[in-house]
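Pasting the structures here.
Shared between the two complexes below is chain A, which has chain B as its partner in the first and chain C in the second.
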Partner chain A sequence: MKVRKRTLALGLYFVFLLLPLYWLVNMSLKPNEEILGELTLLPQNVTFENYVTIFTNADWYTGYLNSITYVSLNTIISLAVALPAAYAFSRYSFVGDKHFFFWLLTNRMAPPAVFLLPFFQLYSTFGLIDTHIAVALAHCLFNVPLAVWILEGFMRGVPREIDETAYIDGYSFPLFFATVFLPLIRAGIGVTAFFCFMFSWVELLLARTLTTVEAKPIAATMTRTVSAAGIDWGLLAAAGVLTIVPGALVIWFVRNYMAKGFALGRV
Partner chain B sequence: MEKWPDNKAWFLVLPVVVLVCFSAIIPLMTVVNYSVQDILQPGMGFFVGTEWFERILHDERLHGALQRQVLFSLTVLLIEMPLGIAIALALPTRGWGVSACLVLLALPLLIPWNVVGTIWQIFARGDIGLGGAAVKALGLNYNYTASATDAWITVVIMEVWHWTPLVALLAYAGLRAIPDAFYQAARIDGASAWAVFRYIQLPKMRGVLTIALLLRFMDSFMIYTEPFVLTGGGPGNATTFLSQFLTRLAVGQFDLGPAAAFSIVYFLIILVFSWVFYQALEGMGKGASK
Partner chain C sequence: MSLALENVGKTVGHETHIADIDLTMEPGRFYVLLGPTLAGKTTLMRLMAGLDRPTSGRVLVDGGDVTGTPVRKRNVAMVYQQFINYPSFTVYDNIASPLRRAGLSRDEVDRRVRESAETLKLGNLLDRLPGELSGGQQQRTALARALVKDAGLLLLDEPLVNLDYKLREELRVELRQIFSRRSAVVVYATTEPSEALIMGGDTVVLSEGRLLQHGATHDVYHHPASMQVGRSFSDPPMNFIPGEVVGGEAWLGGGRIRLPLSGHLAEIAPGRYSFGVRANHLGVVRNRQDDIAFAASVELSEISGSETFVHVDVDGTAWVVQEEGVHSLGLGENIEVFVNPRNVYAFDANGWLVASPPRPGAREAAE
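Let's look at the complex of A and B:
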């Protein structure tokens, strides 16, 4: 009886979780007349027009391409710099290591709103405004500390004897790192990549500030559904649904490691 | 684990240092620079000392935003932490349901923040949204664009919807790491479900819950995009939190000096709070678990 109650409560929570999403999908399949007319739990006249608009209009789909481009760039940069650093933190003690490690985390605490203006000026100076790389670098602010933290957690789980044996066998550091160590922490790298992807994908404040036309993220494109004639709700809902799809796909791949990643590798 | 002492390890950290210089230190120094100068035009500023700090710390609007922010963060923490733990305890432990539940749980976390705002903007509307219409059907006069209370409640519910899964996932990971032997021992002792929770599960989850609390505190304290889309900080100033206040100051009114001074204060507040939380939880753990 007790177990039943528990499952029931969990079921209720999932209803709460899914209802807003269901409503979004529902609306994306309706024409605007129906949305503004009566509330209908299922679309009466199913239409894919909203999706067709997004996939055929370059203004729309380039938004998705832009987002994916800078998110991928950011993930690659974050991983490339975080891997050696995390190895250093997990294996060596050196002057100032603890302080630097903690200081890295404080970057994760910095409100993006604080960095809005200085970023804009800094990237203007380098002529980087409205490029994908600018957004990718800006997102390193919170993704690099996160990547170092998660990777360090995973690397600590690898026994140090493996390193020692490899060095005795005559491996040089780069060779050992690339051919022995990296394959051992595959799961950790996957999870880290997932988190970099996730936080870069959901962030908008910085991404929108640093771009105007060429590298504009999809989330910013969505504001254009507001026009003089009111809001195009159906189109807005369809665009929203499409921003959820990439996330849902990557969740599926890391589902078994996700929780460990959220705990920064420290379960 | 003993670590090898070797200062050459700094070379491995160097790429991070360079990148962080570019993405954090230089921008932060710019902010510090602005906060003590009055800039009339680019390249022409003069030193004003702590004037901006004094002005911003006496700003009534800031006090309002800070109060709302603290109240908001406390409210969502008080709801999200127990709810997240409860969900983690109720989640299935084996079978196909585990993967399905985890994927569903993580879904809100992967939605761009402004889309979260949009989803709730639609869902909570009285005319075209299911949630808003349902509340209205119950006979309540609900309208989040006009009533400050309704707007506040909607933002809190949205935040709970958005981030409780994070707490639940972390707590779940902590629970899974408890060896079965602990539960067997508890069963032999005839421990009640509450005792198992209080003396086994809760202490074992302390590490992940610390992380959850810190992350949730930091992120709820920096909240910007979701209320911006949902309510635009209104009605009036009812849902204007610190980040909104700051963005308005910096980009809207272009008050660089006060905005920079406030940025530094803002950052320090988060650092201090996080530090206090961290120390308190660490101290608690040392007292309880040994």
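Let's look at the complex of A and C:
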């Protein structure tokens, strides 16, 4: 009896969880007439027209390319900056290290909107508006602290004696870091990359404000479906489905490390 | 290479970890660093290796000052108490890594890795990752990596302590054979007096960051320079009782027990002394006519295999008696503890050795 109750509860949970997703996919495969005309649980006239539009129309697919470009840039910059920082925090003690470490994390506590105006002003001055690097750098403000925090946890798990053994064996620091140390925190790097990717991929406010045409993210492009003739529901749904795909793929690759990542390596 | 420490000290914050150590180590010899936990063994080794910089004093290698030289530029090898290997490298790559860094040719690396793996019986495990090995095999890998290098200074920080008993015995024998063929300075840290005795060589007794005594292991064991060394270099620690020497006799335990002064004790001058006896020289049964007896009450009796450790209270001092065979003694039972005067050490009021029994080898030959 108890088991059945639990099964029922889980079943309901999944229905509620998956219903919007199902609806999105369902809509993306219907023509607009069917979406607006009647309630169908399965598309009566299956069409891939919406997807074809997105993949063939440069206005649409460049949105994805722009998003992917600045997200990748951001992930690479965040990791490149956070790896040495996290190593320093995990291995050395220096004046104010604990306060500094905590201060880094407080950066994430501020809402992105707070930084909108300063970023806009600053990037306008330097002529960076509407470039991929602008968005990537803006997102670093949130991703670098998180990356440092997660990586530090993973690095702390590697015994200091391994570093020393490497120096005794004659490794130089860069060689040790690249060939011995990085492979040991592979999981941490994967999880960190995932978190950076996720934040940057779903962040809309900064991305939209700092871009106009050339580096416009997909989420901003999606607002184009609103026109005088109404909203193109099918196209919007198809774009939504395609936006979920990269995130789902990334989650699939790091699924085994997720729990450890959410514990920020401190398990 | 020879290694010398000159007035080496290390303080961290306000804590003194190592205080004023002077030590000269000759190539081809084996040194045991003996001391309880927190005695400074690991700190001293790290200073020798160059992993840490001493706060005072100098470290000399072959007469040249290397105090500030980083460990990469020194010719050392080290094995830690924890099994430290590169987890993402195979056993082969682990052992090969110091050779590859030294820029040896591929054939030379291969030859030496296989030779060293053979010595430590890792021949059939070369393709495994350290995570797939047992603790003993992991430590063998770490040892192989340290040995393959032919370093002038080989530091082993309690390398066998995390292994099970059987494996420890086995590896200890192997290590002694391997070290005997080396021309390096070998330093071996241990907390166990018995391990120091088995390994032989020289012993350096450390306590609270100070060097207490340095000499051939058996000399140090049989002639501990001070009460502190006696305590450190015996397991269980040496038992002590205060006494007074008056007119050719010593009175112990508040004057109630007479210790006739003969043999090695014959020469000691009147005054106050502490007399020390090792646990294995105490017994609960009278063995010889001239044994002297102490009244004691039993506090705990531990049976370890074929031996019994009896913790007793003698005049308010805790003693441990190590007795062959299994003896069951009840808690609080009043017994007599026997000791032969031939086995008694005498220390002066400052704790320095005044008289010690002759070496057992010599004594047995005389009997």
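Just so we're on the same page, the second predicted complex is superposed on the first by the 264 of 267 C-alpha atoms of A that agree within 3 Å, B and C clash if a C-alpha of one lies under 4 Å from a C-alpha of the other, contacts with A are read in each partner's own complex, and residues count from 1 in each chain.
Keep in mind that, in the parts below, a contact is a pair of C-beta atoms (placed from the backbone, for glycine too) under 8 Å apart; a residue touches a chain by one contact, two chains touch by 3 or more.
Only a predicted model underlies this, so the values are computations on that prediction, with no experimental measurement involved.
Novice: Following superposition onto chain A, is the placement of chain B relative to chain C best described as a clash or a fit?
Specialist: Superposition check on chain A shows chain B and chain C fit without a clash.
Novice: Considering only touches as defined above, state whether A:Tyr167 meets chain B (first), chain C (second), both or neither.
Specialist: second
Novice: Quick one: the Cα-centre angle at chain A between chain B and chain C, nearest 10 degrees, please.
Specialist: 90
Novice: If you stack the two complexes on chain A, which partner ends up touching A:Val95: first (chain B), second (chain C), both, or neither?
Specialist: In the superposed model, A:Val95 contacts chain B only, not chain C.
Novice: Does the superposition put A:Val52 against chain B (first), chain C (second), both, or neither?
Specialist: neither
Novice: Just to be sure I read the superposition right, which of the two partners does A:Val15 touch: chain B = first, chain C = second, or both, or neither?
Specialist: Neither: A:Val15 stays clear of chain B and chain C.
Novice: Is the number of chain A residues in contact higher for chain B or for chain C?
Specialist: B
Novice: Once the structures are superposed on A, label A:Val114 by its partner contacts, choosing first (chain B), second (chain C), both or neither.
Specialist: First partner only, chain B.
Novice: With the two structures laid over each other on chain A, which partner does A:Pro183 touch: chain B (first), chain C (second), both, or neither?
Specialist: second
Novice: Look at the superposition and give the distance in whole angstrom between the closest pair of CA atoms, one from chain B and one from chain C.
Specialist: 9
Novice: State the interface residues of chain C toward chain A in the complex, per the touch definition above.
Specialist: 49, 51, 70-72, 76-78, 80, 82, 84-89, 97-98, 101-102, 145, 149
Novice: State the interface residues of chain A toward chain C in the complex, per the touch definition above.
Specialist: Spelled out, the residues of chain A in touch with chain C are 159, 161-162, 164-172, 180, 183-184.
Novice: Touching residues of chain A toward chain B in the complex: what are they?
Specialist: 6-7, 9-10, 13-14, 16-21, 23-24, 27, 35-36, 39, 41, 77, 80-82, 84-85, 87-89, 91-95, 97, 100, 104, 106-119, 121-122, 137-138, 140-141, 144, 148, 156, 160, 198, 201-205, 218-219, 222, 233, 236-237, 240, 243-244, 246-248, 250-252, 255-256, 258-260, 262-264, 266-267
Novice: In the complex formed with chain A, which residues of chain B make contact?
Specialist: Per the stated touch rule, the residues are 1, 3-10, 12-13, 15-16, 19-20, 22-24, 26-28, 30-31, 34, 83, 86-87, 89-91, 99, 101-115, 118-120, 122-123, 127-131, 133, 161, 165-166, 169-170, 172-174, 176-177, 207-208, 211, 218, 221-222, 224-225, 242-243, 246-247, 250-251, 256, 259-260, 263, 266-267, 270-271, 274.
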